[in-house]
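Comments concern the structure below.
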C-alpha cells in the first residue's frame, strides 16, 4: 500500500466490460486485467471516467472493486475512483473502497452544486484527512466544470493531503506550471497525465506516468513509450506517440453517437474486435457502437493498432 | 398520487436542516415543513439543489424522505429529487424514493460523463418507463451543464414519459418557447419555475407554479403571488415579486462564501434568524455563514422580509 | 438630442438592406425606415447586431448613418452602434457618428482582449466622458462574452456616464435586479430589452422600452405591445407577445445556416417576402437564406405574422 | 515575399511601445525590433494580440506597419494582424497592410456575431482568395470564442487558402492532431505555436516554429530553444523551456490588474526594466502595472530572466 503513493509509469483506467444485459462481464474483465498486467503496466485504476464510474450503481461499484482485487491478487497496486457529487458522498465511497482493499483512491473536485476554490481545497483536505489510503486528485474540467489550480495542488501535496494528480484537464500550460511548482517544492506529488494524444509532451513537461484510456486497447504501446522515456529516447517516444495518437482517432470516428459514448464506446469496440471482451455494450442511456461506427474503429485499428495480430475472425 | 401529475401552485424545495455535527435536525425539519403547509403551499419537494441532494449520502437521502413523509402525513404531495450522475444511478434513487412513498420524482439530465441530446431524451424515456410515479424533468444547466430543449420536453410530455418541468435554466426565452409549445400540444406538461426573482414573469409566460428556494423563508409571499396570479391581479403580483426579489438579495450578500454555500447558506441563516431552524449549518466542504454575512442577511430580512414578526431575541 | 437620454418605447435595431453585390440598398433602407416611423416607433437604432455592425466596413458604417439621418430627417431620434473591440477604436466610431449627427451612441463592453470588471467600468466612464451625446450600454454576452453587472450599470448611470442600457443578456434575473437597483437610485437609467420573445416580461420587471430585431418585420405588434403596457392591459400584452414569440420562431427555423445568419437572415427574408426590401442578401461570409429555409419563414409569417396583407406575388 | 509562406523558427509578436500619452513610441519600437533581429529571430509579427491589435485605431495600425517596415528594412519577413470582427472588415485591413508592404497577414476566425464552422471555412477561403500575400490562420479561442478544427485547417492548406497556423488555442490535443493531419497531407501548412510555456511540447508534436509574446523579453531564449530543436537536443530544449516557463510567470504575477493588461502589461514592464522601452504604458481602458506589480516582474526577471545583464539603474 505504501507504494501507491509513489506510483509512476502506466496505470490504465480499466474499462468495465458488460454483458448484453448490462451486468459486469467477469470473464472479459479478467482478460482485460490480465492482458494489462502481462504488458507490464504499473498499476490499475478502476472506476474512472473510462471505467464508467458515473454510470455504475453502488452495488456495481462494489462488485468491480471486489473482482478487480481478486483478479489482480496483489500483482500491481489497485486504485479506485470515489467520484460523486460532493464531499460526504465521496467519503462514503472512500470507506467502501478502502474496506475492499484498494491501495489508493482517486477523487475529483466536487460538482453539481457550484463550488469554488476555497471549498475545493477544503474538500481535498477532508478526503486526505479521513482516507486510510493515499488520495489522488483527478483534474477533469470537462466533467466537473472546475479546474484545479496548480498552486493549490502542490500545497495539498506538501501538506500530505494528496499523493498525486491525474491530469485530464486538457490544459498543457497549467500542467507545465504544476510540474515546475511540484519540482520547486521537492516533488511531493506524483503527476500523471490522462491525455492519450500527448503523453510524450506530458513527460517532457515533467509527468511521472500516464493514465490513458487507450492503453486498454494498446497497453504495449504506452509501456514502450514509458520505457523510452526512462531511457531518454525522445525519437522513439515521438514515433510511438504519433502512432498512438493516430489510433486514438477511434474515439473521434463515431457518427451515430457523440460524447462519452463515442470515446469509451470506441475503446470497448476495439477490445471486442481484438477478442478481449465479449461485447461492446455500454450503460444506459448510451447504446453500443454499431454498423459503420464499428467499421470505422476496425479500419483505424487495422491501420495503426497494436502490432499483435488480431484473433482469427475479428479482422 | 395521481394528483402529483397535475401539481400547480407553490411547491417549495425544502431545505435540509442540520445539527451542528451535520446530522438531520428532525425537530427543525418539522417546523420548516409545518410552517410551509400552514402557509398554503401546494406540495413539497425534498432533495432538490436547495435540499442539498448533491451532499446527502444515500442513508441521509432515505432518512429525509422517510421523515418528510411522516411529517407531511398526506396533507400535500411529496416530491423527491433522484438526482445523480447518470441513468442507472438515478434509477436506484427512483426505486428507493418510490418504495418510501413519494408522489413524484424529480430528475435532471445526466451529468459528469458528457451526454448529448439523443441520450438525454433516452434518459427521460427510461425514467418515465420504469418509475411507478410521475417524473418531473429538472432543467438546471448551472449544475448539469446541459440545457433541456423545449421541443424535446413537450415530446416527452406527449409520450407520457414526464409529467412536468421544473425550470431553473435562467433562460426566459427558452421558457416562453416551452410554454407556447406545451400549449400548442394540449398542455401535457405542468410547468414550474425555480427562479425566485422572476416568478411573475414566468407566470406571464405560462407557468403553472413555482419551486422557489426562497419560499422556505417567505412562504406567504409566494403563496400571495400565486393567488394574485389566479385572480389576474398583475399589480399585486409585481409588488409582491419586487419585494421578494429584494429579499432574494440575501443569496448575493455573503462575502466570505461563494457559490452554493452563499445561496442555501443564506436561506438557512434567514430561517435560523426567524427561529424556524436551530442552526444554519451546511454540509462539508462548506461552512455556515457567520459574522458579517449573517448580519447582511439579518438586515435584508428586516428591511423586506416577511411581514410576520420575528421571534423575540432574533431581531 | 436631449430627448435621446429619455428614450422609451419601441426603438427598432434597423436592418441594413443590401443589394445582391452587397452594397447598401438605399431604396430598401428608405422603405424599412419609413414603415417603422409610420408604425409609431419611438427611435431608430442603426448599426446594432441586427444592423450588421460587425460586418460593416468603416465606410459602410458612415454611409448607413448618413442615409439614416437623411431619411429620418428628425422625425425620431437616431441611435448608432459604435461597437468595436476596445475603447480607442470605439472612440473613433463615437467621433464619426456624432459628427454625422446621431442623437445617442450604443456601446458594448470591450472584447477580443480579455477585459474584466474594473476596466469595463473604466471603458464606459471614458466613453461617457468623451462622447458629446448620451451613451447607452449594450449588454450582450453572447457577442462579447462578458456580462455587465447591474450594480455597476446603476453606478454609471448615477455618475452620468451612461443614459441607459440595452439588455440582450438573456438573463432575466439580472435584468430584474437592474430594474430594482435603478428604481432605488431614482431611475438614472432608461432600460430597454432586446429580447423579442419576452418583452412583456421585461416590462413586468421594469423596462421602459424595447429594441426588438423582430420589430423590423412586425413594428405594429411591438407598438401595440408598448401601448398596452402604457394602458396597464396585461391581457392584451400577453396575447400580443405570444403571437410575436410564435413569429420569432422564424429565427430558429433555418436548417442550412446557423448562428447570426439564421437570425438576421430570417428578418431580411421576411422583409423581402413582405415586399419591403429587394433581396435578403447578407454580408460575407454568410449567404442569404434560400430554398426550404425561405419556405419555413414564409409559412410562419403566413400563420402568425403581421395582420397587414402581404403584397401580391409574395405570398 | 514568397518566403513568408515557409516561415519557421521564432517569429515574435512584437509589442507596441507607447508614450505616456499613448502615442506610438518610435524610438522604443526601433530598439525592440532591432534587438529581436539581432537575436536571430526568423520573422516579426506586428498587430497580434500582444501587439495590441484590438486597441489600435486604424491610423495607429497603419503607423505601426509603416514604421515596422521601415525599421526592419527587409532583414526578416514582416507579418501583420488583420484582426477584426468579420470578413469585410478584415478585408479592409488586408488591403491596407498589403499596400504597406507586409509579407503575410494573420487572421482569426470571425467573432462578435455568432459564426459557425461552415462560415468560418468560407471566411478563410475568401481571405485566401483576395489577399495578395499568404494568409496565416490564428487560432485563439480565448479571444474569438471558437476553435478552428484541425481537419478544416489542413483542407484550407491543401486548397492554398492559408499558408500556416498560429496556434494559441491552449489545446495540445487538437494541435497534435493538426500536426499529424498536416503531415499526412504532405505538410501544406507551417505550424507555429503561441504558447510560451510549452514550446518544446509543440515542437515534439510537430510545430515548425513559435510566436511567443515572451520572446519580446527574452529573444535569445526562444532562439536557443529553436536551435536546440534543430539539433535534436531535447535535454537543452527542456532546460531552456523550464527557465522560460518560470519567466513567463511574470504574466501571472500582477495583483492589481487582470486579463489582457496583466499579460502584455508584464511584457512591457519587463522591457522597461531591461531598458528597451521607455515606459510600460498600455492602452485604455487599461493602466500600466505599477508598485508591487512592477516589483513582482522585477523579482522574476532577476531570478530567471535572460542572462544578459540588465542595464545599470534598472536592477
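A, B, C and D are the chain letters, set down in written order, and residue numbers restart from 1 in every chain.
FYI, a residue touches a chain if its C-beta (ideal position, glycine included) is under 8 Å from a C-beta of that chain, and two chains touch if they have at least 3 such contacts.
Given the structure is predicted, the values throughout are model-derived calculations rather than measurements.
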- Those chains which touch subunit C and also touch subunit A: B, D
- Weigh C-D against A-D on C-beta contact pairs and write down the one with more. C-D
- Message: If you average the CA coordinates per chain, which chain's centre is most distant from that of subunit D?
- Response: B
- Message: I'd like the Å distance between the centres of subunit B and subunit D, where a centre is the mean of that chain's Cα atoms.
- Response: 49
- Approximately how many whole Å separate the CA-defined centres of subunit A and subunit D? 36
- Pull out every residue in subunit C that's touching 2 or more other chains. none
- Message: Show me, using the given definition of touch, all chain pairs that touch one another.
- Response: A-B, A-D, B-C, C-D
- Message: Under the stated contact criterion, what part of subunit C meets subunit D in this complex?
- Response: 22, 49, 52-58, 60, 83-89, 91-92, 110-116, 118-120, 122-123, 126, 142-145, 257-261, 283-286
- Item | subunit C contact footprint on subunit B (complex, rising order) | 170-173, 176-177, 180, 195, 197-198, 200-201, 204-205, 232, 234-235, 238, 242, 245-246, 249
